[in-house]
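What follows is a pair of complexes built around chain A, which joins chain B in one and chain C in the other.
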Partner chain A sequence: MADVTMRDLHKNFGDTEVINGIDLSIKDGTFCVLVGPSGCGKSTLLRMIAGLEEIDAGELSIGGQVMNNIDPSKRGVSMVFQSYALYPHMTVYQNMSFGLKLAKTSSETIEHRVRNAAEILQLIDLLDRKPKELSGGQRQRVAIGRAIVRNPKAFLFDEPLSNLDAALRVQMRLEISRLHRRLGTTMIHVTHDQVEAMTLADQIVVLNQGIIEQTGSPRDLYDRPANVFVASFLGSPAMNLLKARVDGGSVVLDGTNSRIYSVDGVDRVSGPVTLGFRPEHVELSEDGIPFEVEFVEDLGDACVLHGVLDGGPRATVRMPAEGVPIFQEERILNVIPGDGRCHLFDRQSGRRC
Partner chain B sequence: MTIYHNSLTVKIGLFMIVSVLLVVFLFPFYYALITSFKSGSSIFEVSFFPEKLTLENYIAVFEEQPFGKNFLNSLTISIASGLISLLFGMTAALPLGRFRFKGQRLILLAVLIISMFPQVAVLSGMFELIRALGLFNNWLGLVLCYLIFTLPFTVWVLTTFIRNLPVEVEEAAILDGANPWVLLTKIFFPMMRPAIITTSLLVFVVAWNEFLFAMTFTLSNHQRTLPVAIALISGGSQFEVPWGKIMAASAIVTVPMIALVLIFQRQIVSGLTTGAVKG
Partner chain C sequence: MEQRLKSEDTKLSYQKRKVYSAWLLLLPMLVVLLIVAIWPLCYTFFYAFTDASLSTLTNYSFIGFDNFLVQDNGCWYGLVADPLWWYSVWNTIVFAIGSVVIEILLGTIIALVMHTKFIGCSLFRAAMLIPWAIPTVVSAKIWNWMLHDQFGVIDYILVKLQLIANPISWLADHNLTMLTVILVDSWKTAPFVAMLVLAALQMLPNDCYEAAKVDGVHPIKVFFGITLPLIRPALIVAVLFRLIEALRIFDVVYIMTGSAESTMTMSVYARQNLVNFQDLGYGSAASTMLFIVIFFIIAPCLAIMRVDVMKEVH
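And then the complex of A and B:
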């Protein structure tokens, strides 16, 4: 079994704390995605697991074995880098077999494993090519192949798709998913792309400033964000987060007299809060809040409307395309967040109420 | 661009310019070469196509002085300078290019400044140093001198090259289980081949052509290097300059240079890292 467990991990670069006490356990065979804005420490965390960055404090174990001071190559992990990092002077075959050769694997085993990986990744015809003769997608597959042949306990992916163009990225995303299903190995994938995170992950870890904001299944994080950060980070367009106060069982938006009823959790709080609701969970309703449309973005299947709620706060609304004729700038619509689709966050701490 | 390329006048103009340049650059070599094959008074007749070719001068060069020994000296010194410069250059460039430490900029700057002193300025100081080390009239003394002037260049070029190599390739190798030695020999050397070949070749050329130190720090005919030996080729009387022999010797000196460039021209030009990272 190759569970990956982290206990209170710390890492400083000079005076800056990059990783600030990470507790995380990733079960064997899980596809775990580390996601967060740039500079949140997600790549550093991955490199600490790989052994490319030293661990200042805390404990990292892979498959029950403490790895803090074990050589990178002996941790049983393979890494795929953002820039592919192929050896430019070696052929595809040599690139993939380099690690096995250094480990003194017998040449039959090497041959067998490389052929096997090349078959999975459709690289058989390219084995004699040098990296410079390959396209971006092919190079990426070679990098993944190099990771596969080592039979790792865990794969580490450091933003492997961010150098590919949009169409190729979708295709490689599927291939990685398929690979995970086929190999059943633990995979830890770093990305800043929330679509990648949502589609690939069994478990998402949202990082911010060196700490874990929330971890759970994609559905959990989307439906029940633990705080304002996660709420605003996942979902596109981002969740509306409006200042409001709870007053007698309903929520009043600041700067307006509009009330929203049927919000979960209003009975537990009172006073100032942050009200969150996703643009796609807003419905048209006769007795809704007046919403003056300022900009319309027509996406084809849907329209994203940016505007002002009842003369007060700005908000974004996403509507199915059927209503297109009425979605015009300067038009006033009556809208309301769907039942049970509102989230309440503490104004000070940002935590979910 | 295509429009200009297709125009006949531009083509002719380009051809003319290139021809003139080629003549200007190559004529001195050509003239030296044909002079070396002439003998006696025909050397002083201006002719561009010699009627009679003789190897007289070449034979004389080797017979009248230890020219073969001089050639060997030059070769040893140049190769040694190239290799030692590479060894120290690589070991200095790796930490300078890969790690960050205090005083790094200062070291690089100091290295650069050293290379800016004119040779004459350090000549007398070097003389004392060489004598104190007991390397006077010894080829090792010359190698030491040449390192002083070639190492800064080598260190700078290799440092810059290493800085431009993607760190991820190195990290991938570490994850693949490469120890520092494997990293150096299997990853760094192959990736740096163009830079390594170019720099050691330039060091070789500098050592091969150097005159001032070689002149000052050698005493006996048998320890001299080629440039000095050529300068000291003398004629029958002090009023005679033996042009034929000098030209023959010069031709001999040039041959290894041309051979080296021809052998390594592909490595010098190739950019090997393309394909390592994106794009």
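And then the complex of A and C:
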């Protein structure tokens, strides 16, 4: 059990700055998800915490102890790798006990811990199998089991679900959640999948180009994205981000005469802004903005419509399935973002106004 | 029904066509193999049962197993009764075991070094292959000169360093020649083993090593617990290749020590009888025995290793 704290962490690969000053504190027992696009440095950051990458500058502490120059095995963390990293020539039991055996743990303790972990992860019947005789999900569970037996202060997951197929991913996501509730240990989980981030995390950290764009609870980030990047990264389909200007207490979309009233924060700014609203927060309204439908994606429970707002910018809206008959291509609907569902961002800096 | 039969019919002919084309593609190789390997081999077996001489190739008669074993005036003669033959068998086995063990150890160490990244490692990799690339005749001659007891550079250095008082006759001292030949052969073929092992090392999953690092596994344990089991298939192949080569060793031994008894291998024995003594029948009998000895050593090895490798693969 331990807090994980980072102060101004830096990491370069040659001339490339990968981690560019990360300040982050993860409270004991938190499920923290590091999320971001490929190359944002999230895996590197995790590997720095694990000790697999050296820290160029800054300070990392786990449980109050500075870990910068401590050997990976002495940091009290367990890591689960994307490719499982199971030893191919060892059985499930040997895989899980290998690290313990070398740490000179007594054989009863090993037996007890492995059995215990195998029970949690439903691996009891598979203990004598080798990795190649297991399915992807089972391998992933073994990898997690190997992490559990070490009784770590923190678990580090490096995209553990991205090699699984969609159905299995959902199932393993639940299992990881359940595991976290059961063990109550700090977990740091890297993913590029924003759904995984939203569903698993107590605390999401959105990374981009080696810096933290925003950190907070999934709800915070969804409701109040701090900038354009976070706004567009979280949520599917992505948030509509349209060029607009604030003019006399309402927002006018560029290239149109359409006005949107009842936008939070409109009184604090004027001039050019970026207007954001989520596709799922758009409603049909008699006095709404004309929206010409170009494509319809029927998802069963809902429809995603892609089209043009008032002859100007493109936008995406998501509508409940009840309206299906009227969602047809080339049809013009009148739509409006819901009250208080619009976000204003500074045009230059991209920051929330 | 009729249609189904018809489709099965065409399927069969397709299968057959595939088999035919496979044989057709194999044919040139099979012909070459027949001419350069099978045919001479059969000829050797054939001559083994004659009293043919290299000078009178066409004039020979069948003498049955006389080349192998014959009783004359109460004394046993023939290959099986010749102590020198059995001595050469012994030498061959000593050479094979000695050189294969050293080559595998040395090759694995070289491969492990090459597997790490260091400044100039590509240069090292290229340089490492040189002993293997030089023709054996040339490298054996080079070693002959370096090991020469009067003009050789190795004795010179050892004496200068005061490690030895007087030059050692590496290639004349009966107690040393076998060791010398084994070391030179190991120097020459360790790169081959290193290449096989390096290829295997580079296929190993990196994440296993990172997992071991987080688990705090000691590097030596990592090698014996993870690396070694994972490269075992490659090592098995290397051992097999080297063992076959070592059992029929001729060039290094013959060039460095000629037909000296202390290093005489089965191949050198056969050559001596075939060429020096012009005894084609007897030499062929020795070659046939050489074939049989290698066969009986390699066949069980192959069987065991095949099972082993198969187990790894599946």
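The rule is short, and it goes like this: the second predicted complex is superposed on the first by the 352 of 353 C-alpha atoms of A that agree within 3 Å, B and C clash if a C-alpha of one lies under 4 Å from a C-alpha of the other, contacts with A are read in each partner's own complex, and residues count from 1 in each chain.
Going forward, contacts are C-beta pairs under 8 Å (C-beta built on N, C-alpha and C of every residue); 3 or more make two chains touch, one makes a residue touch a chain.
Given the structure is predicted, the values throughout are model-derived calculations rather than measurements.
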Chain A as common anchor, with chain B and chain C clashing or fitting: clash
First, second, both or neither for A:52, with chain B first and chain C second: both
Chain B versus chain C as contact partner of A:320, first or second or both or neither: neither
Touched partner set for A:102, first chain B, second chain C, both or neither: both
First, second, both or neither for A:311, with chain B first and chain C second: neither
Which superposed partner A:184 touches (first chain B, second chain C, both, neither): neither
Touched partner set for A:78, first chain B, second chain C, both or neither: both
Which of chain B and chain C A:88 touches, first, second, both or neither: both
Greater chain A contact set [chain C / chain B]: B
Touching both chain B and chain C, residues of chain A: 50-52, 71-74, 77-79, 81-89, 98-99, 102-103, 146, 150
Complex contacts: residues of chain C adjacent to chain A: 205, 207-208, 210-218, 221, 225-226, 229-230
Chain B residues within the chain A interface of the complex: 166, 168-169, 171-178, 182, 186-187, 190-191, 193, 272-278
Complex contact set, residues of chain A against chain B: 50-52, 71-74, 77-79, 81-89, 98-99, 102-103, 130-134, 136, 139, 146, 150, 163
Parts of chain A lying in touch with chain C, wherever the complex brings them together: 50-52, 71-74, 77-79, 81-89, 98-99, 102-103, 146, 150
